[in-house]
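Chain naming follows the written order as A, B and C, and within any one chain the residues start at number 1.
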Amino acid sequence: MRSIYIFVYIILIIITILEVFLATGIFSYLIMATGILILAGIKATLIALFYQHLKYEPESIKFIPLVALILLSGLLIALITAVPPGAFQSTASSP
Amino acid sequence: MENQTPNKKSRILKWLLTTNHKDIGILYFVTSLTFFIIAGILALLMRTQLAIPSNNFLNAEEYNQAVTMHGLIMLLWFLSPLGVAFANYFVPLQIGARDLAFPRLNALSYWLYLFSGIIAASGFILGGAADVGWTYYAPLTAVKYSPGPGVTLGAAAIAMISASVTIGTINFLVTIAKLRAPGMKLIHMPLYVWFILFTMILMLIAFPPLLGAAILLLSDRVLGTSFFNSVGAAIIWDNLFWFFGHPEVYILLLPGFGIIPEVLSVFSRRPVYGKKIIIASLAVATLLSITVWGHHMYVTGVSREWREYMNITTEIISIPFGLIVISFIATLVGGAIRLKTPLLFALGSIFLFVIGGSTGVFQSSVALDYQFRGTYWVVGHFHYVLVGATIFGLFAGIYYWFPKITGRMYNEKLGKLHFLISFIGFNILYFPMFLLIDMPRRIWTYQPNTGWGELNMIATIGAFIFGPAQLLLFYNLYKSMKHGDLAGANPWGGWTLEWATSSPPPPEDFPGIPDLRTGVLHFVQLDGSGLSEVGANHSNHLSKWPIIISLSLALFLFGVSLWPLNVAGSIIFFAGVIIGLYALIGWSRDDIKEHFKIPEEPMREQWPFEKADKIKLGVWILVFSEMLLFATLIGTYAYYRYISPTWPAPGTIHDIRIGTVNTLILLTSSFTLIMALVFARVNNLRGLKIGLILTFGLGLLFLIIKGFEWSELMLHNFTFSSGLPASTYYITTGTHAAHVIAGLGGLLYLIAKTFNGNVKVNTVESFGIYWHFVDIVWIFLFPLFYLL
Amino acid sequence: MLVVLSPSALQWQSLFNLYLTFAVIIMGIVFSWFIYVVIKYRYRPGTPEPSDTPSLGSLSKDHRGNIKIALIITILLAILFLGLTAETINAVNLLENIPDAPNELHIKVIGRQWQWLFVYPNGTQTTRLIVPAGTIVVLEVTSIDVFHSFGIPDLRIKADAIPGKINYLWLKVDQKGTYTIRCFELCGRGHAAMITELIVV
């Protein structure tokens, strides 16, 4: 059990360094952003599965953060896509 | 039987310190009815003003405060809490539990609720209560348009009651998961408990975005951030508020509606029709209710596809409710119906729900909403469902359960009279509103040439029939409490477990644990013997920390709200902080000394959560709500970045090196914490101590570096009021930092328990789930604010 | 209520009548059944008690309930609601798709605390909306302070007035006359006073 935690920790460090490398390198913004967010997602998943022990928990416990993830994804998508891009004029006076 | 000295001072003290679910149910009951009276008086004032055109009984400012506070108080401080009162009293009884899973947290929920209501109402005497509509639309809520403390106090109260509710949902969900009587599988739970279960799930989902939005608004008004006074603010508030607001209406409806099947079946002497159909319908409705909120935004200019999608989901959400209503009516078929007061209110509730629900279907139509939006048709609709269906359902509960709570019968004639006058007055008051399709909401007066005078006058007459009729209820309850006939354990011939104990129930609810496995109810002791329990020790049912912590949070928020306007605010704020710290330490010491030990009861039904202990399950549910809270904050940030034409490029404001270092620190703290757990599992106390202390040190280092980072930024003129990039950065990372601080508090508690020699592996594991979650949040904040 | 001869009002009214018809029919059926059941199964002395009254503390069994009926009702209601939604989408297409016309008139509508301002293509600013009969008028609705809502009840049209955003409405009125314009979102002290007129000449 002990060794898996050390292993995960090392991977987390490496991925963090990769993220900074992506950010400071000369990639297009889209590739950089997608790549970094995917890497962040991998880190989060590793911590959830191993440090929070989710890999070994019964379905009923796994269900709880999974449902939250689905809901928050729906919320995020709705918040961003509700208004067509460019709908707001910055020239219109804001209070 | 306990020796009770009826000393007035000790009686009052008992109410302040109790953690028993029945007492807390009564506290919620009395408090919510008090708020009902206050908000009801506001309504009568409004109706007086609107009775005739060009009236001057209230002026515009007074009217706007009345309409806002009427809505807020009725929804958040009366309807839901009255539902919670019954849930508190009867869910444990109906599932055969002794109390809720976390009794002190239950008391905490109540006191947070009470103090938050006082904060909200305090606006009236501090220069004007909130006057922006209960929906708090942006940017009217900005300081520029609404100076004065009312809106801030209202937002603080909303934040505080969100905390109360979230704690309550964790409590009820863990209770229903883990404390059912042996033999009571989920499907055997009474329908009332199922309705409460779905209410709690909806609360868990709906309140975090509200809390997030309230925090952002408070930050605008106190710190000068730009969340709800920038271009685009109106839409993001609209979205966040109604993402909460739509599930909220089902949160309001279900506790009252859930009483109906109980009453229908007992008073017609037949089991409920279609229990599984009703449960499945509730599940579908719960799921759909999270997908329909766009129908509150049909004319805001959001995309056509979005609106058409919401149209469909809103139309079809009536199908499960239709099935529920049909099942309710079908219950009566073949029965022997006794038209007693509880049943009359239940029947009235169904009748009014059908009307209210049907008018709701009209509003699901994007096209029809052009006319309905912002008019009295909407007001009529929601009063039919919230007052007609919900309050009548809750009143059915009052009459149905009054004998159980007090041991006495209410006066049946007065009850019937209350029903009759309420039903008639209700329809006179609210039906005319459907004919006022072109009258805007929230207008303090109208001209004679609109022709609205007659309908408004009729509505006002109805108000003065419906409102005062409630005095019959109060009088009946009061008189019957003192002089009613003795009720006995089961005056109605009911069959759910609350009727299997005395009226009122003894402090421990039942003489032992109810056991249903053999098909015949009997009671067992904890050790499995069939003897009933005598003289349980109840000294550990009292705790002073819930009320003290609630008071401290109230002072904290009150101080925060007043600080921009009055230096007294800062004194109150610091008093709140100090008292709060004192209370947190006090509570922790009680736990370290295990003063409040609740015995484990493994024979209870716990599927599907047999393997998770109460605390772990509770922490995961907490993480659920926190995930939604942070999604709200991050979503707001993402929204503004998406619509803003310019945003500072990465690396220009935030130092990537500091961000990286802090990320590595927090990752390492997760590592030290998991190693501490590994040591705990093999009983290596020294390893555990080192792990915990290292984690604490790393967390502290994280905060120190962040503090340094913030002060540098502020010195370079990147402050709270520097616009959206600053607002989103400070509040999102600030909320995260607050969670780190809370985590440090938890670590201190664990370290103290370790030194005290009574730390449990499960506690370390459960804390870890929280701490690793906080780490995960940072894993996303780091790229979002430093790299992208 | 006066139904104005404008495409928007007529469309709205016919859709409303459709919904109302179904609502009345369904409520009629439900209420009739409801009242019948309550009267027929009322207890009178001598009425036998039902045989399946549960006993105290027994575990509930769900023997009452017919999944088939539930499914049939679900499907019927779904057909009804999807049909109503289709009608709504038709109506929305009419109400929101601005028809092409050579002499469209674009007028900016600006909400502010606490009046409506109208800006015509030639720069004129008025506080009353004056339009020629029979012309297609496109309104560009916005606000320069808080959240208002611009509505002309007689025409059954409405759009929220949101700072920084423009929402579009179109109207065409064949009948000359004066129609009320109001604000439909609480916007402060003067919300009730944000009243003006549409004058069709």
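By our rule, a contact is a pair of C-beta atoms (placed from the backbone, for glycine too) under 8 Å apart; a residue touches a chain by one contact, two chains touch by 3 or more.
All figures in this text were calculated on a predicted structure; none of them were measured in a lab.
Most remote chain with respect to chain C, judged by CA-atom centres, is A.
Set side by side, A-B and B-C show the greater C-beta contact count at B-C. Computed from the mean C-alpha positions, the centre of chain A lies at a distance of 40 Å from the centre of chain C.
Taking the mean of the C-alpha atoms as each chain's centre, chain A and chain B sit 29 Å apart. Averaged Cα coordinates give chain B a centre that lies 30 Å from the centre of chain C.
The multi-chain contact residues of chain B, meaning those touching 2 or more other chains, are 139, 145, 231-232, 235, 301.
Touching of two or more other chains is recorded for residues 145-146, 163-166 of chain C.
For chain A, residues touching at least two other chains, in rising order: 83, 87-90, 92, 94-95. On the chain C side of its complex with chain B, the touching residues are 1, 8, 11-12, 15-16, 19-20, 23, 26-27, 30-31, 33-34, 37-38, 41-43, 47-50, 52-67, 70, 73-74, 77-78, 81-82, 84-85, 88-89, 91-92, 95-96, 113, 145-147, 149, 151, 153-154, 156-160, 162-168, 180, 182-192, 195. In the complex of the two chains, the chain A residues touching chain C come out as 83, 87-90, 92-95.
The part of chain B that touches chain C in the complex is made up of residues 60-61, 64, 67, 132-133, 137-140, 145-146, 183-184, 187-188, 190, 231-235, 268-277, 299-301, 304, 307-308, 311-312, 315-316, 318-319, 322-323, 325-327, 329-339, 347, 350-351, 354-355, 358-359, 361-362, 365-368, 370-371, 373-375, 437-438, 440-447, 490, 493-495, 497, 499-500, 514, 516, 519-521.
Residues of chain A that touch chain B in their complex: 1-2, 5-6, 9, 12-13, 16, 19-20, 22-24, 32-33, 36-37, 39-40, 43-44, 47-48, 50-53, 57-61, 64-65, 67-69, 71-72, 74-76, 78-85, 87-90, 92, 94-95. Those residues of chain C that touch chain A in the shared complex are 142, 144-146, 163-166.
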